[in-house]
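Naming follows writing order (A, B, C and D), and every chain is counted from residue 1.
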Amino acid sequence: MIVAVKKGADQKQIDNLLSWLRTQGIQPSLSVGSHQTVIGCIGDVSRIDIGLVRALDVVESVQRIQEPYKDANRKFHPEDTVVDCGGPKIGGGNFQTIAGPCSVESEEQITGIAKAVKASGASMLRGGAFKPRTSPYSFQGLGAEGIKMLAAAKKETGLPIVTEIMNIAHLPLFADVDVIQVGARNMQNFELLKELGHCGKPVLLKRGMANTLEELLMSAEYVMSGGNANVILCERGIRTFETATRNTIDLSVVPVLHHLSHLPVVIDPSHSTGASRLVEPLSVAAAAIGADGLIIEVHNDPAHAKCDGAQSQTPAMFDETMKKVRAVLPFACKDR
Amino acid sequence: MIVAVKKGADQKQIDNLLSWLRTQGIQPSLSVGSHQTVIGCIGDVSRIDIGLVRALDVVESVQRIQEPYKDANRKFHPEDTVVDCGGPKIGGGNFQTIAGPCSVESEEQITGIAKAVKASGASMLRGGAFKPRTSPYSFQGLGAEGIKMLAAAKKETGLPIVTEIMNIAHLPLFADVDVIQVGARNMQNFELLKELGHCGKPVLLKRGMANTLEELLMSAEYVMSGGNANVILCERGIRTFETATRNTIDLSVVPVLHHLSHLPVVIDPSHSTGASRLVEPLSVAAAAIGADGLIIEVHNDPAHAKCDGAQSQTPAMFDETMKKVRAVLPFACKDR
Amino acid sequence: MIVAVKKGADQKQIDNLLSWLRTQGIQPSLSVGSHQTVIGCIGDVSRIDIGLVRALDVVESVQRIQEPYKDANRKFHPEDTVVDCGGPKIGGGNFQTIAGPCSVESEEQITGIAKAVKASGASMLRGGAFKPRTSPYSFQGLGAEGIKMLAAAKKETGLPIVTEIMNIAHLPLFADVDVIQVGARNMQNFELLKELGHCGKPVLLKRGMANTLEELLMSAEYVMSGGNANVILCERGIRTFETATRNTIDLSVVPVLHHLSHLPVVIDPSHSTGASRLVEPLSVAAAAIGADGLIIEVHNDPAHAKCDGAQSQTPAMFDETMKKVRAVLPFACKDR
Amino acid sequence: MIVAVKKGADQKQIDNLLSWLRTQGIQPSLSVGSHQTVIGCIGDVSRIDIGLVRALDVVESVQRIQEPYKDANRKFHPEDTVVDCGGPKIGGGNFQTIAGPCSVESEEQITGIAKAVKASGASMLRGGAFKPRTSPYSFQGLGAEGIKMLAAAKKETGLPIVTEIMNIAHLPLFADVDVIQVGARNMQNFELLKELGHCGKPVLLKRGMANTLEELLMSAEYVMSGGNANVILCERGIRTFETATRNTIDLSVVPVLHHLSHLPVVIDPSHSTGASRLVEPLSVAAAAIGADGLIIEVHNDPAHAKCDGAQSQTPAMFDETMKKVRAVLPFACKDR
């Protein structure tokens, strides 16, 4: 952390600042120039409130240099993390596709879709049982019943299952679930993240729609600092002024996150675009740029889906997408 | 809801669309023009997934006309809602100021601040017991102990207390709390909102930093549709590209929300700006534009506050701010 | 400027970096700590490409400390600038209201509106002669003819006139214009700004809809460094994801800009909100927070205005707004 | 255009609205339902100010259905436009890479880079002669001298040249230029766009950093409606809250623009990311998603480049990128 001192500060003020910094567990190192006095702060600054330092009378500006996350930081863990998702491995060169409907609607539906997406090359099944909906009047998911249907589809097809948790109290219902998803709206539900740090299952953590990559990594840190190293990062687009697509997704987050962190990065082309027509091109681009996986909404009958039908591919579209993704994978960027 | 049909659609496709709309509980009314065919949809469209209609082959575009919220809608409730916050009333011409520290740190601290802000004119005491922090390594609040300290300060000063909930399981600890705050990061924690719909206490609902006003009202609807009509909306700024202030707050949300809804609207100048120096001017402007109240961070010793010191006013600054707010209130805009 | 050196950099790399910095006209001062080596850079860094320094192999991060603008910087010019707009003075405690139609449509129209707004208390007349329109098929303004009509209205009423320039080649047509407006879309039309640095007339510089306050001040610097110190800053809202208002305007830019710069700050409530109904409350709030002036669209017949009718007040609405603004002005925030 | 009438409007108000719409050259068609009355508007609504209609007392809401652009609209021009750039063709299946330095610095520099990028597979040379810089104190480009150097490099290598125009008055200097670039900051410099509509040269039109795709197409329409059909759209990222990259680029604009328009779409990975390390992965992804070309900054000595060195690739990096782009191109998405 670098603190620039205001022009005109007197020696007493600077001494007070230095001694205050020491009370915060920091070793300050003063550097006096003819135009600018700066203080370099060595030590663990992750617990310092930078806004507070900035507010001190004598301080001109403050800049943090080190990332505030540790467990998720590639600097302290140079090797790619490979997460075992109940069989399929993701990260470190292992690419996986998770597919399935927005919501589980019936055992027949979910098993039918599971078979279809497996045949096209998906290695995990997704399906919402607890659904976060903007309106209280929209379908809220089948809940515990939906998880049982997912488990039945898993038994039938062998595909591990991925589904979203919205409430810590539901955790016991997730015994058969292989990967627990934290949705974008809960990325900073810190109480939930803390609990998942002890749950022993891989966590698919979606980026919130107004959250920076640093905040995403801090939320991963909540899970990891609790003892659960199996975090999969998922980008699904952020909210901007553009309305031509549902969200705005910048695929360069893939190399950026790979540079900052050792965790695998999965792309969600369905929620990013909100349009089934755009899922294939974005999936192909995500594979090309070096993502570790995809999570795609597939529904046998999008026009009658209980939610998000507009962005769901049909099994036939998904099959075509998987062919194109497989074709491009050998040419994917591999830089870390 | 208005559905525009694609040019070149044949009669069979249009008939299918009309009959599909009827299965969704809608009465469609066809209007054929020489250049454009449109279908007006009468009935309760709040449960229809507009994205899905938009995805149908034969559909050019879809527009919703009615707001998707009912209980929060001024159209169905023309009178201002007045929320009783354990004594002080807010809304309908009643202006209240809630003040106190970001975090409760000790009984002495919170009681001292409570006395100070009461003397300056605050009518409610705020203070965080459970704190949502971006980093797992930051101070997380005193929890249940903090709520007891707030209750002691309430006993001492008579000020009703406002504090944030982050976990449904903590609800029993909030028995002495007068107004339960839902933070920006939990604005779409729908499980929490549903529970608060049954809790019988006023809810101060903060806008999420990437949420539209419509989504804020939909979250209010989650609480209200559960039976709790006592919702206070709180604007605390949204996230944009500008970095000169912590968030970007558009005060015109006050007249906009008053037009759309009958619920009271409170402004949080502390989190909006992130800078204690800006709290006074923004408070004065908020009062002038017709807000129903303010929620302001005040700390006796900002430089040693355990969180958000940078944006906390001292009691002396707060006293000055309250004088200016009171001076401007008689000239505040009153339009609804 | 503070440069943090990568951990593990050897002495040779650091020496190269120091000597490279010296070639850029900078005096570097090395500060070696046990965990972090930093280089403080004294001297004029305004010409250094910080992105370039950041890209050097040996560099971990770079932070600028000093603002990149000088002429517009309050640090080097502590007194408020007062701009003489052909009679009315703005800034330094002088509040002015500029009013008039989006477009000049006829001499009768502009003169009529000029008389009306003058009677209500406006001290300057605005009106577009050259109009920036998103569509080439929209009305583009009356051009030179429009400026003549403005001049006629000025002659009739004595109100100085403010109008927008879009093309350097038009400058000779602006001889009778008192204040030249640079629109939001041209805030970074640097060729235009450079010319206006020599024009000898006050410039009303509108913030671009995706520009930071720092960029706004850099654009002011383009005009000022050319020799024209008479710049009036104008905030008209930025573009965000929210669609309830046309743009998102954060009035805390007023105290922020007053802190950073000595230039007057004017608020445009009409373009900010896009809705005539919201102009009054935002105007009152702008006056309360300490703005130096307002620029408001007023049209005698908004429903038949050739552009932006939706946001234009009628003369009666404007008269009411002016009364409320005058009432709140004595209580306005005055901090700098 | 669909106009929804407010509940409770009486027949007289509706009749007035219908007759007003007719005066605007529109044929309104009334559709009265039991809950909602709507008016479908047939005819050319591109000149109607929708905000104005929305502001009428009797109007609840208004929605435009047809796109406001015509010449750029794929509906009226289903075939891909192929632009001849002085030899190389772009669009309709023709992929081209434009490469070169941010700024032209000397004839030796530009010719050297031209040879290098040609050897790696670039088919056009870029280089800035007139540079838009945020600061008036930054290097502003060599101007006319720079264009002469570009022409010399073209003569030496045969590569057509692409360079930016900032001022209409400079147009005569662009005689030897093959493709005229309009920068992001000038995307809505309508005076410039109008002139380029008559210039007879291909125009590379960059999206502004706060502009929607619809606005980009409207700016293309300015050029095209003037008689110049040779417009190449260029995406270079938009401005958001995320700071990990310079801008945020959503590659799904490629299929979206291809759907809306017949114009070719080029991606600028250099300005999008602001980091040379990210140029290769984004280039590969852009090729995979179906872009018609790339425009990449290449500098022989980025650490001494006069601007934007941080995002410039070296010739060796560019050579490697071109190999990966060529490898992925056969698998690129081709959907329109």
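Throughout what follows, a residue touches a chain if its C-beta (ideal position, glycine included) is under 8 Å from a C-beta of that chain, and two chains touch if they have at least 3 such contacts.
Since the structure is predicted, the reported quantities are computational estimates derived from the model, not experimental observations.
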Among the chains, which is located farthest from subunit A on the basis of C-alpha centroids?
C
B-D or A-D: which has the larger count of contacting C-beta pairs?
A-D
Between subunit B and subunit C, how many degrees of rotation does a Cα superposition need? Round to steps of 5.
180
Quick one: report the Å distance separating subunit A from subunit D, using the average Cα coordinate of each chain.
31
Centre distance in Å when subunit B and subunit D are each reduced to the mean of their C-alpha atoms:
38
For subunit D, residues contacting two or more additional chains:
210, 238-241
Subunit D residues within the subunit B interface of the complex
2, 4, 27, 29, 31, 33-36, 38, 40, 42-43, 60-61, 63, 65-66, 239-241
Subunit B - residues contacting subunit C, complex
210, 212-214, 237-238, 240-245, 248-256, 259, 272-273, 277-278, 280-282, 284-290, 324, 327-328, 331-333, 335
In the complex, subunit C touches subunit D at residues 20, 46-47, 49, 51-52, 54-56, 68-69, 132-139, 166-169, 185-186, 188-191, 194, 208-210, 215, 218, 221-222, 225-226, 238-239, 246, 274-276, 302-303, 305, 307-311
